[in-house]
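Read through the structures below before going on.
Shared between the two complexes below is subunit A, which pairs with subunit B and subunit C, respectively.
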Partner chain A sequence: MKYEVLVEVRLRPGIADPQGATIERALPALGFEGVDDVSVGKAFRLSIEASDEPAARDRAVEMADRLLANPVIEVSTVTVLDGAR
Partner chain B sequence: MATKIGVVVFPGSNCEHDVVKALGLFGPARVEAGLVWHGERSLAGYDAIVLPGGFAHGDYLRPGALARFSPVMEAVAKYAADGGPVVGICNGFQVLTEAGLLPGALQKNRGLRFLCTTVGVSVCTTRTVLTGESTVGAQLSLPINHFEGNFTCDAATLERLRAEDRIVLRYTANPNGSLDDIAGVCNEDGNVVGLMPHPERACDAMTSSTDGMGLLESLVVAATRRAHVPV
Partner chain C sequence: MKYEVLVEVRLRPGIADPQGATIERALPALGFEGVDDVSVGKAFRLSIEASDEPAARDRAVEMADRLLANPVIEVSTVTVLDGAR
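This part shows the complex of A and B:
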């Protein structure tokens, strides 16, 4: 079965995120006050063939750990978006 | 016999000819430098390997992230483990960190600017294949040309790099936010070195300093030594 999976990769807490900081500073200029903790990362949408949802998640986590994120500077979160299709 | 130095070409590398040309300055009697396609699985016969600058595999995903999976990288890892001299310049440094052959990572420059300028660096150790003929404290003027050259690693790794004398070069005026002003690091044995500045572009007095020649001289000496290791 195919599972739609979202992998989000962002910089580890404590690693400087100049893009996030720049956007955070820009937002008030447009009138968006009260926004903080802006971080910039990458999002990957994957369609994964797997026997069930936990298996799809496990495969995505492994992909994130081994390729999609660099564990030295990045962390990832995996979300299975909907059930099997 | 001339020592044989291989310069790896990934799709998207763009400094390989600069490296070959700079190594050619040592003369055909000392050095025979040639290109090695990234699909190569053996590095037999080479006395040193250089991973040049550029945009290997388009720098897609992250610089070096996909180059790590090129067939040649397995051979580079074996070659390095066997004590062979390996130098990664700029994108080559990024490839070596992604491949786990060097610690840390290169993230976007502080200030989010692509930097194309000449910087001062000082030599911090001579225990490596790139600085063996240099002296600690030597001041060099070298070009940099990168967007992701901001070296970072966790506190424990930094402590280890300092304690093990593995910080090879430091910027004299930090251009990119690199942790501890680091411009280059090496592995435990000093035979794998990565650096962001381009020594190969500092070898011609007409266009630049010639400070890169001293570093390449060290590599040639290390390669020559390697060539005489009985197999």
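This part shows the complex of A and C:
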């Protein structure tokens, strides 16, 4: 069965995020007040063939750690978006 | 109250995604078979001051459309991650 998985990769707290800082500075000029802690990361979507949802999640976590994220400066979050298709 | 929001911005179907295609080609060599439809987008995290969750979501959707995504080639998905803090 195929599972659609979202892997969000974002910078660890404390790592400089100039893109996020720039967006945060730009928002008030566009009329958006009261927004802070803006960070910019990557969003990977994958379609994974697996026997069940925990198996799909495990493979996505392994891929995130080995290929998609740099664990020195980044953390990743895996979400299985939908069930079997 | 502050709401943490995730805005996922990804390319519309049919728009060329060379990063995703490269990852998809690299996966079998790393031992990950059965993965396809890989796409790479951006993941924005924002902390939004709003009166309630629907208001936070509405502002995030407006920000996504006006600032974070290019609606010609991208679509965005807004998720409110947690309640009031």
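The criterion applied here is as follows: the second predicted complex is superposed on the first by the 85 of 85 C-alpha atoms of A that agree within 3 Å, B and C clash if a C-alpha of one lies under 4 Å from a C-alpha of the other, contacts with A are read in each partner's own complex, and residues count from 1 in each chain.
Here is the rule we use: a contact is a pair of C-beta atoms (placed from the backbone, for glycine too) under 8 Å apart; a residue touches a chain by one contact, two chains touch by 3 or more.
The structure presented is a predicted model; accordingly, all values stated were derived computationally and were not measured.
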Partner touching more residues of subunit A, subunit B vs subunit C, is chain C
| Now for A:Pro18: first (subunit B), second (subunit C), both, or neither, which partner does it touch? | first
Message: Looking at A:Val72, would you say it contacts subunit B, subunit C, both, or neither? Reply first, second, both or neither.
response: first
Query = First (subunit B), second (subunit C), both or neither: which does A:Ala29 touch?
reply = neither
Is A:Asp37 touching the first partner subunit B, the second partner subunit C, both, or neither of them? second
Practice task
Examine A:Glu8 and indicate which partner it touches, taking first as subunit B and second as subunit C; both and neither are also allowed.
Solution key: second
Overlap of subunit B and subunit C contacts on subunit A, residues 67-68
The answer for subunit C against subunit A in the complex is residues 4, 6, 8-10, 20, 23, 26-27, 30, 32-50, 59, 62-63, 66-68
Per the touch rule, the subunit B residues reaching subunit A in their complex are 61-62, 65, 97-98, 103-105, 107-108, 110-112, 150, 152-154, 177
Counting only contacts in the complex, subunit A reaches subunit B at residues 11, 15-16, 18-19, 22, 67-68, 70, 72-73
